[in-house]
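Both of the next two complexes hold chain A, though its partner changes from chain B to chain C.
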Partner chain A sequence: MKRTATGIIGVVIFAWTALPVAAADLTAEEIVERLESNQVQETNHATATMVVRDRFGERTSTMESWSKGRDVTLIEFTSPAERGQKVLRTENEIYLFYPDAAELIRLQGAALRESMLGSDISYEDMTGGKTLLETYRVELLGEETIHGHRCYKVGFEARRRNAAYPRQTVWIDTELFVARRSEQYALSGRLLKEIEMDRIETIGGYTIARRMIISDALKRNSSTEFTLDDVQFDIQVDDDLFSLEELSW
Partner chain B sequence: MVGRRGVALFAAALLFAAAAPGAIAEPTTSIDLEIINAVAAQDDESVATGLGTATVEFSDASNRVVRPRLQIESAFYEVDGRASALFTVPRAEVKWRLPLSESYTARFTAGRSRLSWGDGVVFNAGDVINGAEPNTLDLTASVLRDETVWLLSGYFPLGRYAFFEPLLLIPGLELTAGTDPAAVAPVGADKSGGGFRLQWKTGQVKSETGYVYRGSDESHAPYLSLQGNLYVDWYAAVSTRVTTGEVEEDGGVSATEAKGGNATVGLYHIAQGPRGGSWSFRLEGIVRAGGDPALFPEVTWGPSDLFTTFLRSTIVLDGESSASAVGVNWTPATGLTLALFGSLATGTETGSGLAGSVVDPEVLSDEPLTTVTALIRYSF
Partner chain C sequence: MNLTQIAWRNIGRNRRRSVLSVTATAVATMSVVMLFSLLSGIADDMASNLTRFYTGEVRIRNEEFSTYEYLQPLHLSVDNAEATVAAVEGTDGVAAAVPRISGGGAVFQDDRRIALLFTGVDFEREREFSNIDEIIAGGEIPVASAEPAGPSGPSDTSGPRLVPAVVGAGVLDRLGIGLGDRFTLVTRTAMRGSNAMSFEVAGVARFPVPALNDAGFWAPLPDVQRLVRMDGEAGEVLARMDRGADERAVTEALALSAREATSTPLEVKYWKEIETTYSFIEMAQVIYSIMGLIFFILAGTVIINTTMMAIYERKKEIGTLEAMGMTPREVVRLFFTESLFLAILGAGAGLVVGVIFASILSRTGIDFTEAFRGVDMEISPVLYPKITPLSTVVVTAASIAVGAITSLFPTTRITRIQPVEALRDE
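Moving on to the complex of A and B:
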């Protein structure tokens, strides 16, 4: 069965789906496997709203996304100021399409660190494709209560230097195996981003966080609120959707 | 042989068909409204003007088989206290998908549309449709190149990253009585053009090659464009243009054979600032036949994507012509952008638009032209 990150962004990989399971004396690897194994959908289709706030103002964008497998995601922005802009993630690349310039831009290297539409989400956050355990060594750091919910505190350390975040700490609900908080750090140990997840709901047999608030610790008073307005799992999604043809359609 | 009257009737039928209700089933409407106030100074004289643009776009993004897009642009201003406006239709296109077999679907586009071949923000030798450099360039614009042409094109996917794109360029009507826009007639079919593009990936390098023939001057223009990443993003293109037909020169017509070529290269890098902002650096260059080489450097800095600044220039390496613009873009609320630009143009290079900013480069004198522009844009 194919596995999918189910999300519009790779950050969501920690956040979305979970099934209640009994958990006792689990290792960090088992906890992370439960977290990921609960994210088993063939496909995903969602509409979402992204609100970017910082000291300069606020901007709301809406979008529609499709995902298939772990590697491929297509996002189309539907809000008036960005209507028709698209992002395609396939394997290790990001393609952007701007309809007015009819321009297909291929992002590689440092450009992947650019923020997506001014949000606290970078294009690099969207790249991935490997499982968490393939990308990170994990360590169980204990248990803590987050917003009234008991969570495993799991440390992630990247196996390779080119990971988007060298170190992460994730708080995973001990019953639902859905992430409720995440912190991402630079190699130096400096905090880069904090993510809070709430509005946990069960939809189509999957338990997901419908809202994430992402704060970029390097920017003052900066946050991105990401809300899933509608989501469908395991629906028919054509492979051709994740192509340059669809991007420039 | 089709007579002149027959051709005119054919053109009239096309115009009628274009005016008939189209394929837009559930249109989505977007409106961009820009209010611009500018002051320009040159030779001890200064002028001030206010004008606006409104771009209304209708599309139907929900249809998976047919996707129409109609864009109507209006520049509005006051003349002697009376409101005036000038309308254009920069885009009027219909894309449709056509299954050629059970597992293969091709795509076609017809109308006034844009094809962007090659890579480059300002200089792009791979753009053999619109030219390696823009005819006019507004360094304060958010999109520096968005030329459109009347075309019929196909798109044949060759896997996820590769495709073949044949193209037919169809000439528009021509004026038959001075500048009276109502007095138009079709031009000869021999003025049509066409070509193709093939794009694929070789390892981590995006490769693109193509060719365009233009019947208007019987020119042939092949090109090759590459894009990749080696510490920084890079892109390069080379094209040549061989003209075998009659080329109009200085108002007269002379039979000639001419060859020309362009080579462009670009580098792009983005870096995070120490406090979370981002810097980006772009440098493009062009070496062109019949003209001096030119550069396009650009630096942007944004403590937030809701507040960005930029400095960009075009520098013709004749030592005399350059244009620079510095600007600030601020998005305090959804859809609203407040911008302030300053630009400085010097030199007399004409024809390429490189020395032009928000003014016609033909009016440039040896004296520098300075403009300050305040812009308010709202998208809804």
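Moving on to the complex of A and C:
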């Protein structure tokens, strides 16, 4: 689920926060509104670890991120192999900063399908802007139990052709309104990605999933695991941090 | 008058038919001479392009690299690259050696993703190894800088240095830039992450291979090592042998010396053992040889026709010759010699005309630019036919042999003709 994937570290590290509510007889739209209202904080700052596993073994990247509202996120990689590389997501665009490059790289169009650091996450997964309900038509498909937790099974169908995923299915915890699993499909119905979320904890008054495992169904022996090491919500974050001048600093 | 003289005189008895036979053989021979000259030119061109720009004459790389090549597994490298190159250069029978790192990346322009192929090279060594000066169409060959391309540390605010590169002319067209302009390439690293580096167009290259010309650029090895996080490593080490060296012995010696210089498990291969499109050219030569044979047989059918007509027209004469004491074997020899003369005249004429045309084209070249557009082979768009013993002597001999042998089928009919029956023929 695309919006689900735009939590604490852009879309890279998900944060599904939730407030317990009485959830009887909710419509699909209401469920998604509650899910989404719990995903976006005023500001946040986090450190995270990304482990990419493929046929050659596994490699670990670490990163630090700052977010403000729904659309603005800055990620800076701190692991030795990528130290100093930054990704800035603004409302409509993604900019990459590499210390060895003399210019910023602006990604748009088909370029957004590039993999981020060879992981199972594409930059397209990080694009923000519209809400889930603006991007997708939703339908409640029933209830299922995921890892011992009762979940709403909600189907998402893109309203526009340029959505990152034409169809998605998301399992949303009926009590916490946090996603526990999602599947992304191509227009043809072919499974593209699977995401599992766990280690759900309440931090600073928000309930979040601290770990997410993404599998690209089109690649063999490939998965990406994100773990949220530390997170702070509603802290002071300077607007300048998200400027292009600051990005190449 | 002996049989040879009689046979030679007989050729002139029906000039029109003889000219037809000679012309058919000449056209077939000329076509095959030119075809084989062109094929030899293609094979030479491809061998040169492959060994200069892709495989060297001997390629040394990590033994696992080829298996996963489609995944760009830069981490499967040759470590201790400089020492490995030095060891290869010091091997008997080796004329030159170079380290290289090759991979794919992308330049992002507006909403376009432009795929490029980068190669990190030691330009000084490449001057001798691949004769890079020959393909420089503008600007100059860069000199590797001792300074790293990026800032030296957090306190360094000077920003990254632009890395000089020799860029394929077609790349500049695709990027819409020129000499002195810059571009930034994003690629995967040996640590399977990503990195980007900015390059300045220092030289424009006209690579003879369209795929390289339209997508390739060369940059100093130390900068590319930094780009892909392969400090001190190479993707492969390529060697060129001394002229006339024993390829098998040198390849084995190279394997030994390279393995002493690096801890990497190595794959050492002679270029013809590597799966490349060159094997298609070798296969094509076999196929075209068969086609050439078919050409000759078709030309031979005209000789058969000529011989058959002569036999029917000269039945009475055959009877007279046999009545005067000439044996059937001698009559067969007479007709066979006539056919042989026709084949020699035709093949000789075809050879002369074919060699003249092939010689002209070997200087002017044949421009296949339009035909090869979009074709991903290591063939230059302008090809130069090459006259070889195969395309001349062997082809001519084959043409004469086929022409003469095919005439045996009708001439054997003569042995079945009885002199009395032949004399009665109207």
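In the analysis below, the second predicted complex is superposed on the first by the 233 of 249 C-alpha atoms of A that agree within 3 Å, B and C clash if a C-alpha of one lies under 4 Å from a C-alpha of the other, contacts with A are read in each partner's own complex, and residues count from 1 in each chain.
Heads up, the rule we're going with is that a contact is a pair of C-beta atoms (placed from the backbone, for glycine too) under 8 Å apart; a residue touches a chain by one contact, two chains touch by 3 or more.
All figures in this text were calculated on a predicted structure; none of them were measured in a lab.
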Applying the touch criterion given at the start, work out whether A:Lys219 contacts chain B, chain C, both or neither, answering first, second, both or neither. first
Regarding the shared-chain residue A:Arg106, is it in contact with chain B (first), chain C (second), both, or neither? both
With both complexes overlaid on chain A, does A:Ala81 touch chain B (first), chain C (second), both or neither? both
Touch check for A:Ile94: first (chain B), second (chain C), both, or neither? neither
Kindly classify A:Ala164 by the partners it touches after superposition: chain B alone (first), chain C alone (second), both, or neither? neither
Between chain B and chain C, whom does A:Phe56 touch in the aligned arrangement: first, second, both, or neither? both
Hey, is it chain B or chain C that touches more of chain A? B
With both complexes overlaid on chain A, does A:Val154 touch chain B (first), chain C (second), both or neither? neither
Chain A positions within both the chain B interface and the chain C interface are 52, 54-56, 59, 61, 81, 98, 100-103, 106-111, 114, 117-118
Touching chain C in the complex: which residues of chain A? 52, 54-56, 59, 61, 81-82, 85, 96, 98-103, 105-111, 114, 116-118
Within their complex, chain A touches chain B through residues 52, 54-61, 76, 78-81, 83-84, 90, 98, 100-104, 106-111, 113-115, 117-119, 216-219, 222, 240, 242-245, 248-249
Can you tell me which positions in chain B touch chain A when the two form their complex? 28, 30-31, 59, 61, 67, 95, 105, 107, 113-116, 143, 145-146, 155, 157, 160-161, 163, 199, 204, 206, 227-229, 231-233, 268-272, 275-278, 280, 303-307, 330-335, 379-380
So in the complex, which bits of chain C are touching chain A? 68, 71, 73, 75, 106, 108, 110-113, 149-151, 159-160, 162, 182, 184, 186, 188-189, 191-198, 226-227, 229
